[in-house]
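For reference, the structure is listed below as structure tokens.
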């Protein structure tokens, strides 16, 4: 029915950042009414290509054809007018505004000079109805769970009449159920005639949902495949350029003494809302305990209380190596051997204005070795920083470089090195591989397992259920502030855990 | 002797409040628009002082306060443009630019005073024509209201109208919605098709125009004069109002009124022999108290510092 | 206006003292009082003096400016207002040693000291305010008279209390209402203070000593249609509502003192250019603004003050300076 | 580490060179417009600031305060404290020094030290107010410190006039609002005769060197830097944020108070109301111009002090107004604030785009 073969065609796109070639003569074609997956390592150039398509960035050279016609965008609005809409990896929500405002901004229905809220609302409601979304339009976006925010973002794109919808790593924040919901939504969108470009690091999803797959590596296209004719291993090889182990072989570790006991922990957030209710669990030396749960079920508050970033309510207890640390300072907890990898690697885990060495010693700068009395000991600092750089393969020019010149994966390796190389007793690790490519994921997973093998207790909190299942000896599920432990969590399937994350009850044998 | 109630609620205090708040309201409403685009600015002292000078000069040259105000607006716009050029185009640190401009404005207006009028300190001339008070017949019949609201110059009414108009623009129009998104999430706004740079410039322009109006009030409210440092810290008060109100025009106006009211009180209280130094501290202490009361719900006995925006 | 002063060596001849006068002021030219004083220098310039005005901005630069002008060979140095004069006094011994020809006149400053090369020169506003008070008491139709100053400081109290003393002396049962604007540089506050005072009280005359706030007070009086008394210099030019100005004839003082110094006259440590020593307390341009009989009374009063028959400080002894 | 210093130093040099060049150009235009010869005027500025021992002495007098306010602002801004209240803290410190200076008798030396110590502590306590408001009420210190400046000026004036002088004439009969003169024993020794250059310069230099050393080599300095750059990062690393924030705020107030104390014991010898205007803002500008680098603060202060001093000489020697120099100073600050790196990069990449032989960056 169409007079064109490709609804979107990007030809010979080139884009350079200083000396870095982000897109090297890329040609990218999408058939109408299909789901087209765009995959590749971190920094392969996926987002850049999409940013060029949405005119957030301008290409150095190259042409874009939409429905067979050459188009030239002058601003992001032009892209929208041509029916291109993108759901960004970092959601583009406006804190403190209502969902409705978030959706309509930039494309408000007008009534003379004013926003016609009535008409706007009617249009948004119409879309919600058509695509089966159920969203409270008057709620402030701050209060919404991530999955809902994602729906808001999708509605936003639909509201702008997009035909080509780009989803940048949409599944990394969702539970399995959430992922299924999203995939269903995508299928539904395609049925309605939309075209979807799907960016992800998760090859399973790629194979499940997409029709065609384009693979980028180092800014170049290394393969265009049909999903029916390929498999995970081939995709991984094309992405990384070598064979990648997608399944970690985790040896059974000997578990030792109890390192961490959390009992009856209750935590309120800054607004006074109870986020953790009577949580109790134990972590042993040499054991990896995974905690999974949908977003805002309390993991963040739990971790903050254990690490000491927030204070728990009086009646609960956190016992670390036999000592009650409920009211201890962060510094003391760290001194006792508690390491922490924060989920937000640039906001909390590192200081982007700081140098590599400044980032490498944080948390341990008061440890003997880094200091003599009150002075910093630069010999030791240099030695330690170089050790991280070597052992954790951090790609950098020198330890005086600013962190902001490192890529996300390298920052994460630096942080991991910092926390792992300190003879810890307990490691609290949040989402260690979020947004990181398969090569680096493999690296970090291996390191975590190594830590457990040498007898470190690991508490792993991840939104990626696959990660939790691959690494953990035991899996705790967090639901609505409570910890649910299944007596034999290793026998559970992804779907069963997913169900628990949503509040379902699974009996002992797994029904 | 007046009763305390008479002083606190009397028409004398309130009509003075009404007038004194005018320059601060005008400036802070304008600055609110800029605030929402996420551009930090404390150069209001510069805008107001320069605008005051040009208002006086314009009125002197043309014999019309309206032309004087136009001069002031243009001066405000020009300075906002200079500020924008440094901050937006040259990526200069807005705080340094603001501070430098504040002091530069004092030096430049003083120099202009010497160069143009050949005087130092102040220039007074009947040729600087003031706005004349407007008599609104409807108000004339209502006793208290008449004394407070009636017979003010047009800028006073414009200030209060600007609060309403500003609020409507900010919260009811597409323009306002888009503007507000920039300060919250710049890239997000960009993806919504908002031309960030354009909106930032518009925000700056509104700030310039409104500070120009605020500055024009000073020489043309009946004084027929310009004097060195005439803005007397009102720019900083406007800045404080914007910061405290987080860019909400209504709240900014309320803070401005608080400043003006506490100041107006002192004019009566000074006749009771209270040392003027103590009275001068009034508005500032009031704003700290208001902030403390406003933040009571944040009160925590175990102090925790959150990174400020 | 003045040519750059080349740093000539100080004349070595003992008898002749170079005719170089410098005016160092903390308050820039452009207000009535400093302008008035500067006009005294202008007179000197006409008679072949080299004159220079230095406006100092911050207290921290005072000593440096004083030393520098001494080093440039100025022989008659006039410093204005107490803060600056205090500093000059502190430097007096040091300067006396290095620049024997230099004499420092502390204008509008009263200070008790023992430095031979320093003379504190006052034109006490008390007397002119006293006379203004006397005039105001006669001119008002109301029971109360207003007075507005800038800051609640001693200097300004002299204006206020002199005025009150004058009103009391007139003995017409009038009462003075006082207020401060709080800020010497803010005319808007001057205006609002006056408006408030006019509305709160039934008055028809305000005497302003509000510095740059003064024009604000005057414009408020003009708008309300009441009369105003100006200060320092003749301020009738600002608005006709200023029917009287309590002037301080500082210009005459400057000229007399500078010329006296070069002609070898020795001065006491303090001098008051008061009525007794020939100072004027009002400007002739205002003479026609009050009824003739009152003018006669005023002139009589001035004569009485001159002859000592009337003691303006009666009841306000703390303001009496020991010359 | 070598690499960082070289790279940053290079771009800093470039920045200062371009700014000075631009300032000179605009300065010349301004001076010419005023009917003076730029070279002559600049000559007088140089002569006035460094042309003779006495002039150097007077320049030093300015450098002292510039150094101290620069240090106070640097500490605050480097550690993430928006202390706009340096001015107010100076006032409180100055008044305290004056009170100790005239009211008690102590041996020389000791007396001066007591004055400075009390001044510093009072400055620090005044900084404690906004610090506590931030800690307990979460009120942004930007507003409170700004407001407390105004309060400090009125408060010191009130105390001087009504409390110390009892609303009466000053001790020598003068009508200025001033405390009695401090005793000889409380005065800082003068290092160059006939000037106000006093040993405060050594104190100020020592303060800056200590600050520089502190941030570069000590644990606490490291922690404060990290807080200034990313508070959440520092907290995650176990840094006691509350304590450090308070510490930075208080040290900043302490140095501001010290500055006030040195002003009194080294230059004025008595507290006079409204004795300084701008010192606090000067500090913020100096710190920002120096990019919060304590060593750069020293150099910028020398330029700053020299300009201030030279400007007065220029005013005395030419028909020019000192305002010109203030404008020139502001232009310098404005030009230094420009981010030349990003402009040059932008410009470079524009030029590169225009290269016709671009082929995807294959041959880099």
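Annotations
In order of appearance the chains are A, B, C and D, and numbering begins at 1 in each one.
In the analysis below, a contact is a pair of C-beta atoms (placed from the backbone, for glycine too) under 8 Å apart; a residue touches a chain by one contact, two chains touch by 3 or more.
In this text, all values refer to a predicted model and were calculated from it rather than measured experimentally.
Path length between chain B and chain D in the chain contact graph, taken as the least number of steps between touching chains: 1. The chain pair with the larger count of C-beta pairs in contact, out of A-B and A-D, is A-D. Ranking all chains by how far their C-alpha centres lie from the centre of chain C, first place goes to A. Chain A and chain D, compared by their mean Cα positions, are separated by 45 Å. Note: centroid distance chain B to chain C, computed from Cα atoms, is 36 Å.
Rounded to a whole number, the gap between the C-alpha centres of chain A and chain C is 76 angstrom. The residues of chain C that reach two or more other chains are 152, listed in rising order.
Within chain D, residues 161, 230, 232, 278 each touch two or more of the remaining chains.
Residue positions 275, 277, 280 of chain B each touch two or more of the other chains. In summary, the structure contains touching chain pairs A-B, A-D, B-C, B-D, C-D.
Remark: chain D residues 80, 82, 133-140, 142-144, 146-148, 150-151, 154-155, 157-158, 161-162, 230-232, 241-242, 245, 278, 281, 284-285, 288-289, 321, 323-324, 326-327, 330-331, 333-334, 336-339, 342-343 touch chain B in the complex. Taken together, the chain C residues at the contact with chain D in this complex read 1-2, 4-5, 52, 54, 57-61, 63-65, 67-69, 71-72, 81-83, 85-87, 89-90, 94, 98, 109-113, 152-155, 158, 318, 321. For chain A in complex with chain D, the residues that touch the partner chain are 14, 16, 18-19, 21, 24-25, 60-61, 307-309, 329-335, 340, 342, 344, 347-355, 357-358, 362-366, 371, 374-376, 397-402.
Residues of chain D that touch chain C in their complex: 54, 58, 61-62, 65, 161, 167-170, 172-178, 181, 194-196, 263, 267-270, 272-278, 309, 312-313, 315-319, 322. Looking at the complex, you find that chain A touches chain B at residues 54, 56, 75-77, 80, 86, 88, 92-97, 101, 104-108, 110, 113-115, 311.
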